[in-house]
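Across the two complexes that follow, chain A remains constant while its partner is chain B and subsequently chain C.
Right after this comes the complex of A and B.
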């Protein structure tokens, strides 16, 4: 067993590795990350994860639910550190896995992967507490500067392979359904299907698409699936109306969202990323901005940061041959939230956030399109490089089949955790006079 | 400090034994004709958040514990006071008139506007996103109302180590201000055999801008049936707090997260005292 494997085993047990080993690990990680572009290309299948925030035991639960590295190909969208009590263990484990299995795990930068933010929100203090100096914090911050800003998932399948395990299997039919395909599926941590949605299958010849559009699912389909307009937070509709192009577009993954300075994925590729997250500009926006129910762009009421509406997402996706933007950054009670007709999704992977919110978390699995014998369509987010299949006024690429695995906080070793039951304290009235 | 196992004949206690947060029922105690109930649930789901957004007219905080509450009821007079997130948020400025700006806002706006062709200037739905509230609890309109008083909450009586029959702390809302600090409204209550004290505290730290505390205390003497409510507002700019702490040997970041310590530093801006008698 090599040093790295030993370090992985130790970190999996939530035990830290020596400082000298951290230094070496961070050095290796930087060497690896420097070779990655600002936008990493990742082939499906892939499992996309949102914020972790130092919730180590929940990261272990995530791996239990989603499968282990390297069996499962992972993409983490940043915010590994701060807030939780085990930022070091969480980040170092992910980094070890990255160095050990570079093409099975992708790490992109979140707004918390920054010197300034980590000094305020816990990671710096944790490093001092656990290592006695700021050295490890410095090594980690140097790695942060090399993390990619985004990822592009290619070769996704528009249709999910059903997982089979249904909650109430009396309604489940194994009959082949020729005219619809499974678009979204939500599973609980036991692997039971709690929700599924279907859409008309794309037909071989385009002239039949008009018939498909108004398809109403028949009784053969699992009863909970059709006729509902989507799970909470899902833009999916059981009534179809999906697009009819011949393939799925790429999926752009970024921590925060879009930037008014970025209209093509290529512009992300031009950023000089190897620096502290700036307070403004394209790089800042990608890590900080939020989608909102507005038209166009808006300023956050806080006086800094952009908000972007559904029209911005539609334009950006169309222009860049994208079928979906996956992002993290915002807490969502259900673990995921699709917005703007499924054009963007927020994935949140820190259950019971800050050990007190009581929310569930999720990860998003995108399957591999095997219909072309595994050949990946080069829909790589480049403006003007589309292959001409999309014509007329029915543009847009077909969105990938999306499987959300929802999970709850791990039953964990509660040492060092805030007590769930508050300790009674003799708080007093203020003694201050006016 | 745990409540001693004392002989107190006049109260009953119901406590949920469920381990999961989601399954916790309200905690409740009845003592001397008063019923005190607290409810702690997870943050709201998407649908109730949407509903609340519509009813409030502003975006609720990121962590909204909309099902949580602390309620005190006097059974005989049917007077009661309740602390909940919705009513507290309903008192947040919804116009944007008292809107704060994050520390780097000027720098950000200048450079972002220079570089952005479209010139995005419009602030989306302006409101006081710090969620500052002067909420002092919800009292039903048909109830007796508070009147001003000079009578203060009796500190000496509350310093006594009387057994605590019931204690709870409930968060109503919290927001990380997009990593520009913290804003939080929480409510804690301790019930002793002869009296109770509730503290509802709004705490805001806007990094490199300011600190703010809004405290509401409700004191009830079970014997005299007198309710005293005190509201205090404290505020100080970030730099002054930093300078004050620099002269001490304290762990500065820790103090900056601790409203109890900050309460000693921030100067009082406003104080109001009110009372109600629940006697017949």
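Right after this comes the complex of A and C.
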């Protein structure tokens, strides 16, 4: 581990590691990633991050705000490279952390983790400039092919532990505190609460329909998942006697969104993912699609993937016992955006995107459910947010409590803006000799 | 909706990714390059002059990838430049160029038998004159370009060394064109390159009741009787508000005096007598707007770090302010404005949108929207007699913001 720790220290200082070490790192990473399914199961608590795009100094700010690895369990939803000036430093650091702490950081694939896109949007050029050849680009692209396509977060809590650092009290509820639980909280980079919302607390009454949810046979329970019946998103269970259903439903994390070819999470598991991102099809859609205020499906203005409406999200979440889809892929000026009664959220983690958009970024923290209450929640209709996801015969699953930490771009002078001289060129001479 | 409607990602491979060592950044988000470069001496001006290279590189990038057709794009650029921009910049270049082309063509195609005149302010390496003169049915047109001597000199060198440019301009024999001893001015019958600091063009004092004779010395070949179109592509925005207004006033009041010597208030849209209504004059502006939202503030500060200050940006920060400006500065026949995002959505046909979208994939639509909403095209006119600007009436403008 010594070498790896040294590499991590070096990359944290925004200094590249030698090409030979990159090759070794990428080899190890592939060995690790090949063992992961297309949909990785991750236990809460977890901190979910969106696009990084080579904004290394802002990634450091993200770690400052969200906690360091391995203290914090991270899930990055892709688009590590392109556009920013430090794609190599950013991606290699994340990869080192993945190899060093495989259970504390999850990386899934974004649409920019692709040979074709990186030749247009900067990562290829950056590799050539900083290493003098395309070798490192090739190693990285081989890793891209092994990245998982999605993740399923299990065991989240419906209630946030209040941080107690309220900047101003914007509590949305007038109910007695015993009857409500903290559902969402937004914090600024100083850790001050700028917004919070509450909802009625889940009553602990027994749930009658738990068994109903556990009828479809399947052997596909991920080993990492807590042993429970009807693990959300797994397509059900084999443990007939169990009655412990999720309080909150699972959270599906994917870079882009849904696909008309994918109606269950299990179908994602059937994809042969170890390839370049195709131009069309389910894998392409998962990485390219966007939610939109439409009904059904629509053509994407990006030229790949699709647009999908609230009805699609509602159906998909219902069918898969999901309470939330977390995705990235779209710049949102406020750092995050919940849509469709909270059925889907966009998390964007590249502040002042491309050093010009003026946006803030965010990360999403989901807490761990420690109650083991053994109940399935049913929304009572007072709160559209948690209620709208589920209608119909099945009991509603409760959405997880969501804490957004909003942060701004790292200070400009440390970021080495588009200074005319190429960044990090110092590395070239030594590498040319190799 | 079938999968076949999804453009093939392979198109991204066109142009390859080999040997391009520079970033395609334009991290300030500039669709802006190509402005006038005032007073070619100070370092500040040199910085602004550099924006013209940005523009010609952007033009060549968009041409090389198939966004635009322009056989002259590569004739006005040295070989040492990176020639590929990010897709978002290419699309912006496409919208800007085709929108102005459309306004220009509407102007030229009205009353085609009438000779017309275009005066391009801070033209830099712009190729529009070449494209017009080389078109299949060249318009009956006199084209003037005004820029700093350093830029006109460079352009004359390009013309000197490029037979296709000479052919476009109808330069076949010695005598078809005259170049000044200093090498910075060029004149043919129909094309004039004027080495000039725009800030020296000032409207005559209000007391003066006739165009000053010496005010025309600067601009050899200008025919003050011809319907005239002024174009400022990211040019006036570099001047101070009063300087910019003076430049426009020089044309609308001094060189082309309106009806009764003063143009204000004469919204003659119809057939008032030619003698009464002055020469028809129109103005097309292309420049950034909306400096006060998060994107705009970042744009202003990024440009400032490059030493670029868009002095009229705050003054004309919105579409409404641009319209007001046109009204106040004598374009009483009509004033309209739209941002690049709107023009992309509403002026570009669905078929053409599909073609352009298929050239390169945009990785981030919101970024495009943000960028495109911070550039606008504004156009205003003073009708005079006849209806050379009638074509502009049918163009869709953007509702007030």
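The rule we apply is simple: the second predicted complex is superposed on the first by the 335 of 434 C-alpha atoms of A that agree within 3 Å, B and C clash if a C-alpha of one lies under 4 Å from a C-alpha of the other, contacts with A are read in each partner's own complex, and residues count from 1 in each chain.
In the analysis below, contacts are C-beta pairs under 8 Å (C-beta built on N, C-alpha and C of every residue); 3 or more make two chains touch, one makes a residue touch a chain.
Note that the coordinates shown come from a computational prediction; the quantities given were computed from them, not determined experimentally.
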One more residue to check, A:45. First (chain B), second (chain C), both or neither?
neither
After superposition on the shared chain, which partner residues are touched by A:292: those of chain B (first), chain C (second), both, or neither?
first
What is the contact status of A:155 with respect to chain B (first) and chain C (second): first, second, both, or neither?
neither
Tell me which partner A:85 touches in the superposition: chain B (first), chain C (second), both or neither.
second
State whether A:330 touches chain B only (first), chain C only (second), both chains, or neither.
both
Scan A:355 for contacts with chain B and chain C and give back first, second, both or neither.
second
Going by the contact rule set out at the top, does A:367 touch chain B (first), chain C (second), both, or neither?
neither
With both complexes overlaid on chain A, does A:128 touch chain B (first), chain C (second), both or neither?
second
Should A:310 be classified as contacting the first partner (chain B), the second (chain C), both, or neither?
neither
Just which bits of chain A does chain B share with chain C as contact spots?
111-112, 117, 120-121, 125, 279-281, 297-299, 301-304, 306, 330-333, 352-354, 356-359, 422
If we count contacts the way the header does, which residues on chain C are in touch with chain A in the complex?
1, 3, 5-10, 12-13, 16-17, 19-25, 27-29, 86-87, 293-299, 302, 305, 357-358, 360-367, 370
Contacting residues of chain A [partner chain C, same complex]
82-83, 85, 111-112, 116-117, 119-122, 124-126, 128-129, 277, 279-281, 284, 290, 297-299, 301-304, 306, 330-333, 352-359, 417-418, 422
Chain A residues touching chain B in their complex are 111-112, 117, 120-121, 125, 232-233, 260-261, 279-281, 288, 292, 294, 296-307, 330-334, 337, 352-354, 356-359, 420, 422-434
Which residues of chain B touch chain A once you look at their complex with the stated criterion?
1-3, 21-22, 41-47, 49, 62-63, 96, 99-102, 104-105, 107-109, 111-112, 115-118, 120-127, 129, 152-153, 155, 158-159, 161, 164, 167-169, 171, 177-180, 188, 190, 197, 199, 207, 215, 217, 219, 230, 232, 253, 263-264, 268, 270-271
